[in-house]
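Shared chain: chain A. Partners: chain B in the first complex, chain C in the second.
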Partner chain A sequence: MTHADDPARGMIGRRQLFALGAAGALGAAARHDGMVGGTSERIAGTLPWADGQADAPDDAIRAGTAFLTTAERAFVTAAADRLIPPDPTGPSASQADVPDFIDRQLAGGFGHGEHYYLAGPWAKGLPSQGYQSRLTPAAYYRAAIAAVADHVGREHGGKAFADLAPTDQDAVLKALEAGKVDLGQVDAKQFFAMFLQNVKEGYFSDPLYGGNRDMAAWKMIGFPGAHYDYSEWVTRHGEPVPLAPVGLTGRPGWRKA
Partner chain B sequence: MAQRMKPVDAVIVGFGWTGAIMAQQLCDAGLSVVALERGAAQDTSTGFATTFDQDELRYMWRHKLFQNVAHSTLTIRNNPGQTALPMRHLGAFLLGTGVGGSGVHWNGQIWRALPSDFRTRSHNIERYGAASVEGLTVQDWPVSYADLEPHYNTFDLLCGTSGKAGNLGGATQPGGNPFEGPRSAEFPNPPLTYTYGPALFADAAARTGHHPFPHPAGNLSRPYTNPLGIQMGQCTYCGFCEKFGCGNYSKASPQASIIPYVLTKPNFVLRSESEVLRVERTPDGKRATGVTYVDSSGAEFFQPADIVVLAAYQLHNVHLMLLSGIGPPYDPATGKGLVGKNYCYQTMANIEVFFDDKLINPFIGAGSHASVIDDYNGDNFDHSRLGFIGGAYIAALVTGGRPIEMTRTPPGVPAWGLDWKRAAAKYYRRSFNLSVHGSSYAQRGNGLDLDPTYRDQFGRPMLRMTFDFSPNDVKMSNYCADRAIEIAHAMGVSAVKPKRLKTPFDIVPYQTTHTIGGTMMGATPADSVCNRYSQSWDVSNLFVTGAGLFPQNFGYNPTATVAALAYLSAEAIKTRYLKAPGALVTA
Partner chain C sequence: MTLSRRWLWAALLAGTLLVAVVVVTWLDAMAAVRDTPGDPPPALVALLLRPIADGPNAEVIRRGRALTVAGDCVGCHTRADGLPFAGGLGIKTPFGVIFSPNLTGDRATGIGAWTADEFARAMAHGIGRGGEHLYPAFPYTYFRTVTRGDDDAILAYLKTLPPVRYTPPANRLVFPVSLRPAIALWNAAFLPSAAVRPNRSPEWNRGAYLVDGLGHCGVCHTPKTVALSDKAGEYLRGGKLDHWLAPDLTGNPRTGLGRWSATDIVEYLRTARNARANAAGPMAEVVTYSTALMSDADLASIAAYLKTLPASPEAVAVAPDAGAMRRGAAIYVDACASCHLADGRGQPRLFPPLPGNAGLQQASSTTLLHVILAGARTGPTPARPTATTMPSFAWKLTDGEVADVSTYVRNAWGNRAAPVGGDDARAMRRALRLTDAILPRPR
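Then we have the complex of A and B:
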């Protein structure tokens, strides 16, 4: 029987192994979500781990990076506020900073298509085959918003979406939702679904991503947020759970910018 | 030119549940073992600590723990008449990646299949006649429930499964599942405690003549030390299991239950970010010599080994078999060939329930926190006049209340606007879901093969999936959904919103990550890819683990059966193969 070891790099002593383990942990912590190409590691004895190297969400997500132009942002804000309008129940999309969230998402890994396969050849595909565009989500937004602006301008005497009456805005959104508007290289139905999803993400995700200001959307529905332990509430059937919502930011283990 | 590594006794491709189980078993038997994992190393405290684990956006919607399709995907179509296109974004199923694989982000639902599930073809023909399986390519398994029982038990002990036995050695036990096969032992831990939703369902199900019981859970009801000496914690019902790792060491997973033990073995090495390209063989093709892999720098290596174990996810195992040219590839158009045959899924329906007068608080949850009935699963009910075979369990499964995914609104409420917002505010805390989790039986037009057009980053043809639900499974799912709706009404709901099975199979909405088949096990080389010990019929020193071994899918979550098959295989390797390497079943 042979021994499992690394002939390519010679025999490695136990002390060296621990050193490699520590280096590996540093390497792992430097990776961002969705990246590949971290160093291949030879692991024995224990999984690489080092104190203070937890893979917390990247601070860059919170930075003031922006993708949307002023005109694009005006559309996103107006449209998001029709999807989640203001009323006493809770905040509107823009009152919850959803446009900020979307802007940062489009400027970051999501917008770059970090988790999308975008290589060709490209074909239109069937609805059951999902996203088939060659565009990244950010480019898809850009193309879609421009095409919607053209469509609205033609239908409404040169006006922008943000300047329409709410009922007209809703009519445009319903037409997109039903796929009744030709947006050229963008599928209207698919864009609407992506936008609605992103609006709800910005409304309900942890505030560290720029939306859900003051956790007001969580307060509105009664979600206590990133609580760790509900043990004492398990058998208290039907009772309100009066825990104030908590977010992730500022909790121990956070990696500071 | 690949750099040649030092030979080892066994090389394991993929380091999730079965890779870790095979490594533990073979290392304990004294073999030198190298595991190659194409993803990154990840452990609990670094990758999904409790301080930042409850992050729905990052883990669920931005796929932190999932296979990144930008670098690895497959093509999909519904039938052989269509052109398959790449899955450009994950949706219907959420494949894992990295050390621990999909075992990191599963719910921990630990099910045993029914004794009759291992005789799908014979059992149904005997009871309902040959017409009952017409149009389906279902087969019998080459193992029985009794063969697997000791290994199911080993996995329960490894995980610390929380539950209540319904059948101990043939004697029905109150409070458990009366339909299950005989267990040799009670669960290692008592069941989880019901929150309001599962309690309401259990009460209504019992009143309507059903047999509710607590879902067998890999979420631990109390602190536990498993037979490998690994300590696990008590579940806190934080509601972030599926699609998330567990920072609390209270969800059974490779990281929480077995990897710390395997890594202490001096005869074990794990190489991360090392992607296997193919199995290499002797010129006559009858023996595997090892595997060729690429590390993250792009350098190519050859790892020689006496035994090769393919322990990657089911889809990747099938892909590697096809790329390595082992076994006759299946052609869904002609029905000829075996590798890629009998690809199946899981047939899901969901029944959302709403209460004007009750606070359910679904955010108090756990991955397997449910009351369940098994009355309509497998052949637990008479199918004589129903026109289908198979079935589903119905579970009041409250895994949590992640608000992006789980803000439910009653029927008739639009998806956006003021009416949506007001309904969301009212019903988020007053709703939950009944999961109708059904079998998926094989039919000829479905299968896995190599795509003729699309290539992966290594220049290899992508895997191509051809799949749609069979008419049998559509009927089954609707029948079981109707039963769930009846029980929902008995709970005193104010509204029910059925989300029935939709056809054709659509890769966009999440359904389940239970893809199975393609390297199925069987009685002879004429009907299967592997024998009952997960050993390739064509290459006797090649073993294939995972749900690819299933000839069709039963109505349960696959993981416990996947693990039991791995233990059965390891036992045969240790007790028989090492003494006389060669075919363990005479063809």
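Then we have the complex of A and C:
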């Protein structure tokens, strides 16, 4: 299988981006959601198809990659569990392996800022303009977590965030959300928004990406998962869909003895 | 018998077997080389469909082209990115590479200078213009039944092709395979004689002539002995070729054409699809370049002939493991049912129906495993130019999962065929050089 060698999946260099100009950049086909990469393709005659090849998920999502240090991971775990604590309806963020998801994402293309424009000028952007930083998301997390640790240490007698009482943890998170903490080169409000978004992604995304363990989040909301389509259900209004949740890597029923 | 004569016989036999093994390997490699992904070169099909202007020889040339199409000559005599009929397609074997010759009318490098006698000798006896033996990758074993009149018409058509000055690379074969006279041993042992036809209708005889002659269907569809001779009594019962299984064409209702009507057969050969199956793999190319362009009368003759083949015997079925069927059903619902639907009925002419599907129920699971692991593409035809495709599942399913879902579709909905093991799936994955399922499995 040669999907990993497919040059169209690689990133477009910043120089190339400039060379292409705005029109070219807009025309570049996003082969995968959220990824700018590859050039546009003109398809004529028959549909493209090659023996043994499939548009499989990227290798970057494979297990075994890690970015966070032990201390950073302790913060991510504790903070994520305040955003999604365990309750009778479903598991906590860490019970659903959300820290694994975030760690893998930071180690992969997202962490490297593959889909972001990171060169200057670095004027302060409007909220509607999305991520505005010269740091890659991984470096951004690292800087933010270090600054939060400094802040917490100063306010709570040298303690780490993970060792605070839940109410104190909530107070720290609320202060970040309100932008009331100075995190140096990182904007507290922006970091909190990004972290909250990533926690939700880890909780609900396909288990293939490391989170949503046992598809628990999908079971919680009754989502049947990654079926190719529901063509046989289109006309069956108001009926429950009894399909068992399935991820891109299958489900337990595929492997039961 | 003297000692020396005994040695002579032993040497003859050994040489014959060696050549036979080489030929088997060629045949095995042919489809791989031909199976180039992407569009058929439009110029190629356009050339085969271009009107032939009226003239003194027009009728012969038109007939010659129809016969050339029936023989799928372009299939081997056009290389990727090469000009039609100019040859140069490399057939890779462990013993080296053999290149198909230039069939265009160029006098120096093509067949422009060939006489009708020389051409007929090549077709019937596998002898080249200079008297050299041709390697049996060229199916003269089938073409020998082609009439002299048809040979002449084919040559007349080939000589009208735009001359292309092109000499294919020299064959790169190891000794002693590189010695053409070795082929004579094989010919002496295995070259079949023309079959005697029973008293049948002209349509039936035309069908038999096409199937056993230019069509050379038995190259793939008749199982072979180790020496490449047809297995006795197994005519068109299905043979393996390049990790595909060319299926049973007899009247067997489960594995053959027993449930197909003559109309079904014609539609399949004309469009690469019918209500029962889609043509994929090497057969997709045969349909695109050959049968889709044949006349209605010839396709009807082929169908009429095939429908008279007596059914191959029923295979003894082993009951599948209940656990494999349960797991296979779960995989089927999640990975296959979107197109083939939960009850397997699919979308005829788009996604083949699976209940009663002959391709699924062959004794060998070769084609099924190939299609699941590598995907498949229906051949584009003038009638149905958009090639439907099935994606590769190699990245998604483990060997055990491929085996379980294969066992399931071979035994669900009244189907019946031998269960498939994970080892079979693994062997196919290796043979096709596909990686393992890339995804981490859930804990």
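Note that in this section the second predicted complex is superposed on the first by the 183 of 257 C-alpha atoms of A that agree within 3 Å, B and C clash if a C-alpha of one lies under 4 Å from a C-alpha of the other, contacts with A are read in each partner's own complex, and residues count from 1 in each chain.
Quick note on the criterion: a residue touches a chain if its C-beta (ideal position, glycine included) is under 8 Å from a C-beta of that chain, and two chains touch if they have at least 3 such contacts.
Note that the coordinates shown come from a computational prediction; the quantities given were computed from them, not determined experimentally.
Trainee: Scan A:Trp233 for contacts with chain B and chain C and give back first, second, both or neither.
Mentor: It touches chain B, and chain C stays clear.
Trainee: Quick check for you: in the superposed arrangement, does A:Leu248 touch first (chain B), second (chain C), both or neither?
Mentor: Both partners, chain B and chain C.
Trainee: Hey, is it chain B or chain C that touches more of chain A?
Mentor: Counted on chain A, the partner with more touching residues turns out to be B.
Trainee: By the touch definition at the top of the document, which applies to A:Thr167: first (chain B), second (chain C), both, or neither?
Mentor: neither
Trainee: Identify the partner contact of A:Pro207: answer first if only chain B is touched, second if only chain C is, both if each is, neither if none is.
Mentor: The second partner, chain C, only.
Trainee: Once chain A of both complexes is superposed, is A:Thr70 in touch with chain B (first), chain C (second), both, or neither?
Mentor: A:Thr70 sits against neither chain B nor chain C.
Trainee: Taking the superposition on A as described, I'd like to know which of chain B and chain C A:Gln53 touches: first, second, both or neither.
Mentor: A:Gln53 sits against chain B and chain C alike.
Trainee: Touching chain B in one complex and chain C in the other: list those residues of chain A.
Mentor: In chain A, positions 1, 3, 45-49, 53-57, 227-229, 231, 248, 251-254 sit in both the chain B and chain C interfaces.
Trainee: Can you tell me which positions in chain B touch chain A when the two form their complex?
Mentor: 3, 5-9, 30-34, 40-43, 45-47, 49-52, 54-58, 61-64, 66, 68-71, 73, 76-78, 82-83, 85-91, 99, 193-196, 199, 234, 236-239, 248, 255, 259-260, 263-264, 266-274, 295-297, 301, 358-359, 361, 363-364, 401, 403-404, 407, 415-418, 420-422, 424-425, 428-429, 453-454, 504-508
Trainee: Considering the complex alone, what residue numbers of chain C touch chain A?
Mentor: 35, 37-39, 42, 323, 326-327, 330-331, 333-335, 337-339, 341-342, 373-375, 377, 380, 385-387, 389, 391-396, 400-401, 404, 432-435, 438-443
Trainee: Taking the touch rule as given, give the residues of chain A at its contact with chain B in the complex, in rising order.
Mentor: 1-8, 24-25, 28-29, 31, 33-34, 36-49, 53-57, 82-85, 87, 89-90, 109-110, 113-119, 121, 123, 125-133, 170, 173, 177, 196-197, 199-201, 204-206, 209, 217-218, 220-231, 233-235, 237-241, 248, 251-254
Trainee: Please output the residues of chain A touching chain C within their complex, sorted ascending.
Mentor: 1, 3, 45-57, 59, 62-63, 207-208, 213-214, 227-229, 231-232, 243-244, 246-257
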